[in-house]
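Take a look at the structures listed below.
Both complexes below contain chain A, partnered by chain B and then by chain C.
Let's look at the complex of A and B:
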């Protein structure tokens, strides 16, 4: 069985006029890096939140590794939200303790090594770090897990190009090769070179799910160029 | 996992809780010092006193501050725990809480146990502080040459027997039994209060906008409904008491018992109901913005 994520008839409607995700059915395999792409308001973050149990679907279901979203699935999904979700008053060491306690697949050594390479003192409080370093710390925490599924929501938004390179390097060098990485972004050209597959979303609908090679072969274009064509205003 | 959640809840709250308890200890110390002012000694000796000075002014000011601080600390711990619940469950920090591989029951129980425990500690601190102050005040009123040991001797076992009889007459139980019952209730009530508050905060999440405001409205609504039900139940029991009372004392004590038990039992029922409201919202209706 190569399926990791099975999404069936997934819908999230806030009310009759605001349907953020509309009847999506999708199966994601193991061992791929997948770009979740779409303009603002296309439903990417809503889909990711439902995948992580932060939003309750209006209809449909999600299974990760054979488990509906819940305690079991969360033990195998490493999630990087599009915001700082850690308490600024905690020291990084305290946050590491927290992750060690709750995630059996978390490697403290790996996290400390990555922090050291960035010259970040584990005794520093999170709130004293710059925005870029906060994002790097969060990414380090996520990538220090040996998860089955990594879900990264806008990991390179709002950081400088050097930080982007660091983030992409960290993702490539640290993810479990048997796992799948889902990266949501609209900065396609920055991540295109690491993607195996792409999902295009618009107005909550699934527009396209295909491999990067397929786009290049069939349309003779880069993902970025094809995205611009599909989503042209 | 519940143990780990509790450990981290405690780690995240012990500093603020500890500072509040330390504040309480300091306020109590000042309260004790306040009763050493000459004004109180003079009142105790029933002697004319016309030398009201800075020391007396400090004493009155401190006692006013003492009362304000006591009320502030008591509400402070409730507000702190409620804000923490809201922040860690329904704001950005909730992204971590709700993606942990733990059940919603474990999350809720860890927060209820930790905040309830802090509330109990604060209540115990307040009771201890009031006892210290009463002791300090009564010391000021002790006649010259008398010590507490003398007072204790004077009370003697006969007095205790009298007190116990009075409690039996009024409340239908010994003084020890009555205070034991109050202790049990004061251990249960803080946990119920926190569950009710958490339930109201969770109810606020069912609205798409103004969730904090709706949480406050929900809490006020719960309190109004609870008070109406409590009044009706109390009235029914009181009527029954009035028709069957044996003495005025028994009537007064019976009414107090009905009041205490009605509010406690209703609190427990509300808490159970609102626990499941929180569980329902976090497991079936969670909508993190």
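Let's look at the complex of A and C:
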């Protein structure tokens, strides 16, 4: 079985007028790095939160590796939120302890090795790190899990180009052919070359799901340029 | 350093061109070992699946050989490498001549310009 995520008729309405995700049906395979792209307010984060079980769908269903989203699926989905849920007063070491307790699939060795390569001292507190290093540490925590699905919400927002390259390499180096990585962003040109496939969303609808090389072959332009064309306003 | 890639062509095709160039220019020697898909994907900062697709393409053209237990090597067939090199050179020549003709130069004038360039 090559399908990892099966989304059927998924809808999330916050109230009658605010439908954030509108009847999306989508199947994602294993072993891909997939960009979730769309303008602000297109429903990316709502979709991601339903994948993680942080929001309950109004209608429809999501299965991850054969399990409906819930306690069982959460053990196999690694999530990087768009803003941190970790306390800045905690030391890195304390956060590692926390992850070891929380996630059976977390590899402390892997995380420590990556932190060491960045010269980050485990005794520093999270809040004393630069913005770029904070992002890196959180990505390291997420990628040190041996999950089926990694969901990264805006992992490269607001970091410098060198930090961005580090983050992209970390994603590539931890890539596992049985797992899929979903990355939401609107900085498309920055991550285009590590993506297999892209999902375009607008007003809560699925607009397009195809491969990066398909877009380049059919339209003779980058995904970034094509996105600007599709979403021109 | 991540590889510089153009925006208007499929990424795997650009990876094929780039590795092909490294082989014909001798950066990777005939019969020499190639890095793994993962290593090269990391260096280039591209998706490993895309690098894999480029390798499959290069295998099909015979330029690289996959051994089940021993990774990938550049072919030892220097004639094949030479013919691919000549094909690439022809492509560059055609491009050059079409541009020069667009500028209005005749064959004789282009020849004189080339001689001049070489003399410098």
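In the analysis below, the second predicted complex is superposed on the first by the 233 of 233 C-alpha atoms of A that agree within 3 Å, B and C clash if a C-alpha of one lies under 4 Å from a C-alpha of the other, contacts with A are read in each partner's own complex, and residues count from 1 in each chain.
Note that in this section a contact is a pair of C-beta atoms (placed from the backbone, for glycine too) under 8 Å apart; a residue touches a chain by one contact, two chains touch by 3 or more.
This one's a predicted model, so the numbers in the text were calculated from it and none came from an experiment.
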Superposed on chain A, are chain B and chain C clashing or fitting side by side?
fit
For A:195, decide between first (touching chain B), second (touching chain C), both and neither.
second
First, second, both or neither for A:118, with chain B first and chain C second:
neither
With the two complexes superposed on chain A, say which partner A:81 touches: chain B (first), chain C (second), both, or neither.
first
Report for A:52: first if it touches chain B alone, second if chain C alone, otherwise both or neither.
first
Included angle at chain A between vectors to chain C and chain B, based on C-alpha centres and rounded to the nearest 10 degrees:
160
Touching A:102, do we find chain B (first), chain C (second), both, or neither?
first
Could you tell me if A:94 is touching chain B, chain C, both of them or neither one (first, second, both, neither)?
first
Smallest separation in angstrom, by C-alpha atoms, between chain B and chain C in the superposition:
27
So which positions on chain A get touched by both chain B and chain C?
none
What residues on chain B touch chain A, complex-wise?
1, 4, 7-8, 11-12, 92-96, 98-103, 208, 284-288
Which of the residues in chain A come into contact with chain C in the complex?
31-33, 165, 168-169, 172-173, 175, 193-196, 212-213, 216-217, 220-222, 224-225
Touching residues of chain A toward chain B in the complex: what are they?
14-15, 49, 52-56, 71-72, 74-75, 77, 79, 81, 83-87, 90, 94, 98, 101-103
Chain A partner, complex, touching residues on chain C are 2, 5, 7-12, 38, 41-42, 44-50, 53
